[in-house]
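This report concerns only the one structure given below.
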Amino acid sequence: MSLDLLDNPPPWPGGARCAVALTFDMDAESLVHLRHGAAAPGMIGASSALRYGPRIAVPRLARIARAYDVPLTVYIPGWCVETYPDTVRLLAGEGHEIGHHGWLHERPNTLSPADEATVLLRGIEAIEQATGARPRGYRAPAYAMSAETGRLLVAEGFAYDASLLGDDVPYMLDCAGGSLVELPSDYALDDWPQYVHMGEFSMAMPIRAPERAMEVFRAEFDAAHRHGGLWVSVFHPFVSGRLARAEALCGLIEHMQAAGDVWFATMAEIAGHVAGLVERGEWTPRREALPFWSAPVEPLVTP
Amino acid sequence: MSLDLLDNPPPWPGGARCAVALTFDMDAESLVHLRHGAAAPGMIGASSALRYGPRIAVPRLARIARAYDVPLTVYIPGWCVETYPDTVRLLAGEGHEIGHHGWLHERPNTLSPADEATVLLRGIEAIEQATGARPRGYRAPAYAMSAETGRLLVAEGFAYDASLLGDDVPYMLDCAGGSLVELPSDYALDDWPQYVHMGEFSMAMPIRAPERAMEVFRAEFDAAHRHGGLWVSVFHPFVSGRLARAEALCGLIEHMQAAGDVWFATMAEIAGHVAGLVERGEWTPRREALPFWSAPVEPLVTP
Amino acid sequence: MSLDLLDNPPPWPGGARCAVALTFDMDAESLVHLRHGAAAPGMIGASSALRYGPRIAVPRLARIARAYDVPLTVYIPGWCVETYPDTVRLLAGEGHEIGHHGWLHERPNTLSPADEATVLLRGIEAIEQATGARPRGYRAPAYAMSAETGRLLVAEGFAYDASLLGDDVPYMLDCAGGSLVELPSDYALDDWPQYVHMGEFSMAMPIRAPERAMEVFRAEFDAAHRHGGLWVSVFHPFVSGRLARAEALCGLIEHMQAAGDVWFATMAEIAGHVAGLVERGEWTPRREALPFWSAPVEPLVTP
Amino acid sequence: MSLDLLDNPPPWPGGARCAVALTFDMDAESLVHLRHGAAAPGMIGASSALRYGPRIAVPRLARIARAYDVPLTVYIPGWCVETYPDTVRLLAGEGHEIGHHGWLHERPNTLSPADEATVLLRGIEAIEQATGARPRGYRAPAYAMSAETGRLLVAEGFAYDASLLGDDVPYMLDCAGGSLVELPSDYALDDWPQYVHMGEFSMAMPIRAPERAMEVFRAEFDAAHRHGGLWVSVFHPFVSGRLARAEALCGLIEHMQAAGDVWFATMAEIAGHVAGLVERGEWTPRREALPFWSAPVEPLVTP
């Protein structure tokens, strides 16, 4: 199919046809503590599955990254950064990017602005203490960016956000106080709908074979590769890092590398590239102003 | 299989074997505003996914329509018509049909008759202002036509409805005050069960690869083509217009065009064709009287 | 695989290797009236999908049955029998069996014993009036047989029940007052989990291609054919009778007929065959006493 | 793919490349009694499906185990042990392992410590009476091990636990009072997400063809085989023991046996092997201390 389906893709470094960022959200037990509170310490089974992320999956994923020479970007709630310092050190030490992912996986849009700011600062502090550097990027837990998030990220000097789903290529978010690069993904690149069946999170879904999940992720890559887009996974170590799925992920990377002309990068590198293009006037991205709505839509009638 | 499974298919123009209407419901953020009210402005992530519809997907779908020379029919809530005027102008300007889809995606059967009328009139007004013409067709949000909808559509001079699932070919709805062409579809031609996983709408479903969704849509087409039926998609730009899925949609159109003898038309064109057949006595459609029931069924016992 | 996995299959007529009963539950709008009460008359969209059953699907299924020379068994709530007399007449007139399926699809185990008896009698009456004969078989709506159902069925002279899932071959239910042939099926032979996505019934499931559903149904047949079992579908006209799925059903029947040595029969014929075997001492079925439990299980601790 | 993805796999007996334990949870009607209490005796349909487990499926699975010469491990709630003594005798008599699975399938983490102890002791007693030996292993119903479970298992002399999902190879649980071998599995090796659609348990999922489920289970085996891991199914006789699925299970075992160098063992044998390696200093497993958390995580903010 030779029809051009993507408007205004950015030029990628070295003439690459698309950019690929292997990104993971390392939530560990934050999910169970946030949702179940006092009951969480007694949820040993679910916790064991979640701890598999930092304990088993991340070292495996780091090994895969080394073997295929591709960088990872891992978004980590501050509480997890402090709870799993070795895991963070391993990642940072091998040059992978550590991004901000809240404190205990709180959904920003369920918090007051003051509480959202508290969470943001505390998460920055945790990452800075663990890695020696402030995070450059942010991903809102559960895609739940609030009306305030953009403004707060700009104020704290973040280079990019990775929470939204509004395009197939990078775009700019204009917020109170300044702008931010948005590096969007899509629910189709999240591993949760492919693999997660956990009563603790009200997820009664079929679990699909790694090859079925790869059909979904590969179709997204093939399209991005044909049209010059951006492929950003929203994987989770405790999900996609399980043994058989990690093998399938290797197969996916091999598929991407065989396709050729792919720029594998961290999200911060992509954001930096985009910012450079914009500064040098080499590419004009689409812009969206945040928040989208300053007030609820007035209903015409009330159901 | 040579067994004839479809009674009384209408003759299609030019001896075509079946009719195909590529229809979309462009709901944009109406879904989140209706359901989440005051919380909606803070739901930036979900909103970004929904805005992808008018911003990114519709222009892409229009391009596909141009490339394959097939018309689209797009049902748009009035609030979306007013919120995304450029998108509506683009569609109307290229000859695609704009249909009525409520004001803010309200389910008619959750409204009082007066409120339903208010919504209907306001939606007509929005479309008329944007396109210079009243809509000819209507699709109830969420398939939720009420007992009053038929009567109201007749009173407002609609040519057809596209909300029901009662047949594989067009039929007539007899309502208080007059009749209406019904152009039915089926849940199997909705893209939501194939692709949507969004906590904001309590949709915890697996997301399937474009090729798996196409298996479903293609099977429906193949059957319609063999038996003389009508294929009416109920797609959504923010869902089926994502890059990899749009590619798969191109493949589906190519499959249809390769099958040959397919009449690609807008819904208004199909309704006009059907009305003409009926007026000229060239085809006698099945008729259903609306509403189906004037009162609840008296229970024999109470569980 | 030559391992024998089925104990004590009955001898089938003519040396057939397995028995196949194509059974359908024709619920029509009973589902929406039972569940939604006063709101049901306003649920036109869902109703149109449900009415497709008696109006469009059943005539189509009858035609398929004729073409392939296989009998159908259709369980119909009494209210539907009275609401769709032509559909019932069509089925009965072509020799298909009409079975009992409650009055308005009430789950027996949500009713008092007196109410369950009322429903049973009223359903018998409806079928007797429509067909001139009392039903010989019963299927509880939603597999929800109560502790009383067996006793009531025996008292009313039913020959068999088709509500349970306790074996791969017929067995006997010993109830207060007498015995009954049980002709079991399995959830895997229900078309609902394959195809139904309807918010009105809280079914947020993916819809699968007909070929994917056939993988499930065919695997069950192949196993039954290899091992001498019983294949009893729990299909619904409004679901499996849609055009593309009806085509796939034709393919399934062709697959069965190509396998050879299959006894296609109504459920009443199968029950009669089984009863004859038992009476003549030619086969000794497994027996289960109903109800399974006379009282709740005393909990050891209370969660 | 030659990349090594598994750290520190244990040496398996006879130089086998991986260990396989075919394990089942035989819950029978405990599920319905626990969840539905007084309503359970009236739930005949669901009960018939659940009873299929001990009545039909277990003898079939035992036959398969004999034919392929592979041992089974079956976890059985004490109430089921007492309710289905013949089934337990059959299994124990053929050398299969009977493991502890609560009394009535209570989730330990919903019980007080005293109640959890009561359940544990009563389950031990039931198994000891039925088999003449105390159980050596335990699997918490619904993966719901509590903060107390490990301590209790150690106190009662259990050799291993099979409730967790924290690794791909055995590891040690350090609990108050001593240690325990953990033989972990994964949700991907549970048959419930593949096959169960039962309203009684709020499971509205598609049912997949046996071959689709086998894709999932086989991928896990292939990975374990390549990397030296442990494959532990969490199947249920009433689910995976149905006829067509049992056939597919035979196919899976054939696939495993064809792969070669697989150690098929009971869980107790695997735990014994692991304990021996540790005692003899031939392998140093990873260790996790239980419980993971002594108190809830203090939230930074409150959503």
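Should a chain be cited, it is by its letter among A, B, C and D, assigned in written order, with residues numbered from 1 in that chain.
We adopt the following convention: contacts are C-beta pairs under 8 Å (C-beta built on N, C-alpha and C of every residue); 3 or more make two chains touch, one makes a residue touch a chain.
As the structure is a prediction and not an experimental result, all values here were calculated from the model.
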Q: Using the touch definition from the top, list the chains contacting both chain B and chain C.
A: none
**Q.** Longest centre-to-centre distance from chain A, chain (CA-based)
**A.** C
Q: Determine whether chain C and chain D, two copies of the same sequence, contact each other through the same residue numbers or different ones, counting it as same when over half of the numbers at the interface appear on both sides.
A: different
Q: Rounding to the nearest 5 degrees, give the angle of the rotation that lays the CA atoms of chain A over those of chain D.
A: 90
Q | Centroid spacing, where centroids are CA-atom means, of chain C and chain D in whole angstrom | A | 34
Q) Taking each chain's centre as the mean position of its Cα atoms, how many Å separate chain B from chain D? A) 48
Q | For chain A, residues that touch 2 or more chains besides their own | A | 204-206, 208, 212
Q | Arrangement of touching chains [line / ring / star / complete / other] | A | ring
**Q.** All touching chain pairs, where touch follows the definition stated at the start
**A.** A-B, A-D, B-C, C-D
Q | Contact footprint of chain A on chain D as seen in their complex | A | 1, 3-7, 109, 140, 142-147, 149-150, 163-168, 184, 186-188, 190, 192-194, 202-206, 208, 212, 215-216, 219-220, 222-224, 226-227, 229, 286, 288, 290-297, 299-303
Q) Residues of chain B touching chain A in their complex? A) 29, 33-34, 37-49, 51-52, 55-56, 59-60, 63-64, 67, 79, 103-104, 106-107, 110-112, 115-116, 118-119, 122, 195-199, 204-212, 242-244, 246-248, 250-251, 254
